[in-house]
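Labels run A, B, C and D following the written order; every chain starts at residue 1.
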Amino acid sequence: MPSPIRVTVWHEHRHEKKNPEVAKVYPKGMHEAIASHLRTCSDLAVSTATLDEPEHGLTEKKLAETDVLTWWGHMAHGEVKDEIVARVHQRVLAGMGIIILHSGHFSKIFQKLMGTTCNLKWREEKNEREILWVTRPGHAIVKDIDDHFIIDREEMYGEYFDIPEPMETVLISSFGGGEVFRSGVTFTRGNGKIFYFRPGHETFPTYHNKNVLKVIENAARWAAPSAGPVAKFGHYPLNWMDKK
Amino acid sequence: MPSPIRVTVWHEHRHEKKNPEVAKVYPKGMHEAIASHLRTCSDLAVSTATLDEPEHGLTEKKLAETDVLTWWGHMAHGEVKDEIVARVHQRVLAGMGIIILHSGHFSKIFQKLMGTTCNLKWREEKNEREILWVTRPGHAIVKDIDDHFIIDREEMYGEYFDIPEPMETVLISSFGGGEVFRSGVTFTRGNGKIFYFRPGHETFPTYHNKNVLKVIENAARWAAPSAGPVAKFGHYPLNWMDKK
Amino acid sequence: MPSPIRVTVWHEHRHEKKNPEVAKVYPKGMHEAIASHLRTCSDLAVSTATLDEPEHGLTEKKLAETDVLTWWGHMAHGEVKDEIVARVHQRVLAGMGIIILHSGHFSKIFQKLMGTTCNLKWREEKNEREILWVTRPGHAIVKDIDDHFIIDREEMYGEYFDIPEPMETVLISSFGGGEVFRSGVTFTRGNGKIFYFRPGHETFPTYHNKNVLKVIENAARWAAPSAGPVAKFGHYPLNWMDKK
Amino acid sequence: MPSPIRVTVWHEHRHEKKNPEVAKVYPKGMHEAIASHLRTCSDLAVSTATLDEPEHGLTEKKLAETDVLTWWGHMAHGEVKDEIVARVHQRVLAGMGIIILHSGHFSKIFQKLMGTTCNLKWREEKNEREILWVTRPGHAIVKDIDDHFIIDREEMYGEYFDIPEPMETVLISSFGGGEVFRSGVTFTRGNGKIFYFRPGHETFPTYHNKNVLKVIENAARWAAPSAGPVAKFGHYPLNWMDKK
């Protein structure tokens, strides 16, 4: 039996402390809503880490023991230390998967991986509907998902979403107001796999939605490292290959 | 001054003859609506060809003199001879650009180039709005286009659109009913460039819409062949490169 | 424990019967060399099928029970019936993975999936070396492979290889004569995953090479279908999503 | 007649000052070798800028008047000010094309655009041959280039090259020692087009090679901005599209 995939659910965990509306939807924090679902999967070994822990909970040791990291941040992107961002970046290049959630689009780590601003249009309405359409039906990330699913109330994100051309566009959303958004997109950087997944505004119960949780669960499996080669760099003399 | 780009606007030209509603919108045929716009561009040399001409108007000579072919078909896909499809296919691989319009998604040539069914969801309402969003803003195909444009009434096409992952997704549509569609997508096959562009239902005045015409004009320039190498295939002995 | 992945190793199986040199290298056929390795993997359920069986061994029932098909053909591409090719094509679009091996580049099924000629340069020397370099180190297909591996004697395939731009280029080869080739490339069509893998000339013991066998084994796992949505196509009235 | 494309050839310009061997090959600097070729093209308006000029020659004004920037650097990557890197980055996202040459793979600007280390293997021999093979023959960047070309003596760069999966792989090299390298690759970031082009070691007369110069000339045209939409970001209320 293979070792479980070690998933670390990273969360900013500030909105819940400042906004009673958010605390009501996520009494234990958004990370616990995600983690408690992932814990139901016997092939995943789940832990959490948050901004206000020492080193944001992302010590060298912790990252070395993480196969897939999920990332939700919003109001405190600027407080994430550059040193920790560099550490996470290095781990992604070495093979750790990363799943960027919702407002994490503006996180330092996502911008660093993408090389773009990751900017977009947005709007928060009490009652705007998001429909997510599957545009790569054979993808592991949409296992056991129908050809679309609906979130009754969500924040709108609209194109142009300033990201590089994705490797695969797995989900595209429409919103009540007529905007569209590439809501599920994959990339690779170095040995690491990256999935950006749009839904997850803090005032809505999005991380209690079973389709949303299923996509995150699927993505954790998809983003897990394979034991591919460690890249070799630097000076190599003529015929080094024959001298092994 | 460079030679003009030779654009051949190919059209099935059947709906106009059978349906007075279509004839009213396009009295000279949909191809003439497109061609008459392209003729206003001094760098384009425009001609037309239709299904009911001998060899569908696509003789060896005509194709040899075509840099970019646009393709609209719908009710008579099955009448296009396999021999002509093979001829067009070969020309695309040799560098001719091709722009597939709207219901041309089900044409033999597009299916042959894609390797998939090119199937989709659809719906025709009297009054359903399409909004096209630019998702690759630096692309030559959206030159002088705003970050979105609206077509007040169009047929709905919805995902999943059964095409390979595009090289670039340039435009994504939303529809009044909430569906989305990758409406402007690029591919290459051999030396040839391919652009699929969604709008163009025959009962609506879509090919009188200035944004739609501008996209087709831009795409004609983008899809024009570059004088890249003629691919060499077959048996090559050791050190052939040194014997030239 | 998950069900095993059902792999069908399809083989033309003609060279072995006509050429004693090939029969000597592969006394039970090339397919048995591949299959016997895959049978050592407890998560794979392996069978074989060959050209000269009824329906080429690829009945509707057999294909329905195949998760991943590997394909080696060369001298008899033209004998593969179009009807069977269409059947395999449909199964790929429905999610079956396919691994095209070596001279299978010219098979009808690969050409149909690619939409191109899949042509290339080639040369057979007694003693030309191929070095395969990993260019996507985190990919599941190169699990447990070093950053390169060497095949002492192989047929040369050289660029330009007339395929669409791959989704991922996982391996690139160099040859003794200085040619290069994209030797491991991935694509998707519909729900199906496609991997083309270059090595495998019939007069060399390539399918006894442990790195080559490991790549095929890895690719079988990578290409296995995920239980993604069955695509829905056709007419959908307004608000069909709300009526479920 | 269209306005000329304004190309700025940026150069570190240090090796020539310190190493007589380099000064002998490029008496006026490598930038002048490139620029003097580009000046022969009537559709290009060419200027140069170097590291030791104020603001590295890349003032706001200069960048605003640059359509395409070429970048060669090596020994002094660390001296390029982060502020200038950020400025160039912003201009690329706004549509300026950028062509990264040879050892520029390790420049801050390329790493920032790619989100990876851009590391590789290397070796400098007196007499190692590079053969560059065209792998996207219809591409504008290989206009008037044969299906391969040879540089008699060059530094070796070998895979794995730590870049994201390219949009298009246009050229792949082999080297005398058997290594391969993706030598011509394209990307987009924001509105900007990016081309990385491998050859150009300072001790060899690479920028006097007509094929190399032709590729740079072609790439300058390909990377020129199109007048695509300026992306709109931020808050957009419901129905903003109807209120224009």
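Keep this in mind: a contact is a pair of C-beta atoms (placed from the backbone, for glycine too) under 8 Å apart; a residue touches a chain by one contact, two chains touch by 3 or more.
Treat the numbers as computed from the prediction; the structure is a model and nothing was measured.
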Exercise for review: Enumerate, in label order, the chains that touch subunit A and subunit D alike.
Suggested key: B, C
Exercise for review: For A-D, find its twin among C-D, B-C or A-C: the pair where over half of the contact pairs carry the same residue numbers.
Suggested key: B-C
Practice item. State the chain with the largest centre-to-centre distance from subunit B, centres being mean CA positions. Key: A
Revision key, fill the gap. Between the Cα centroids of subunit B and subunit C the separation in whole angstrom comes to 32
Study note, to complete from the structure: Cα centre of subunit A to Cα centre of subunit B, whole Å, reads 36
Review point. Going by the touch rule set out above, which residues of subunit A reach two or more other chains?
Key: 131, 134, 136-137, 147-148, 158, 160, 165, 167-168, 178-179, 188, 190, 229, 231-232, 241
Check your understanding: For the complex, which residues does subunit B have touching subunit A?
Key -> 129, 131, 133-137, 147-148, 158-161, 165, 167-169, 172-175, 178-180, 182
Check your understanding: Hey, which residues of subunit C end up touching subunit B in the complex?
Key -> 93, 112-117, 119-123, 125, 128, 158, 160, 162, 164-165, 167, 176-179, 187-190, 229, 231-239, 241
Practice item. State the interface residues of subunit C toward subunit A in the complex, per the touch definition above. Key: 1, 95, 131, 134, 136-140, 142-148, 150, 167-168, 188, 190-193, 225-232, 241
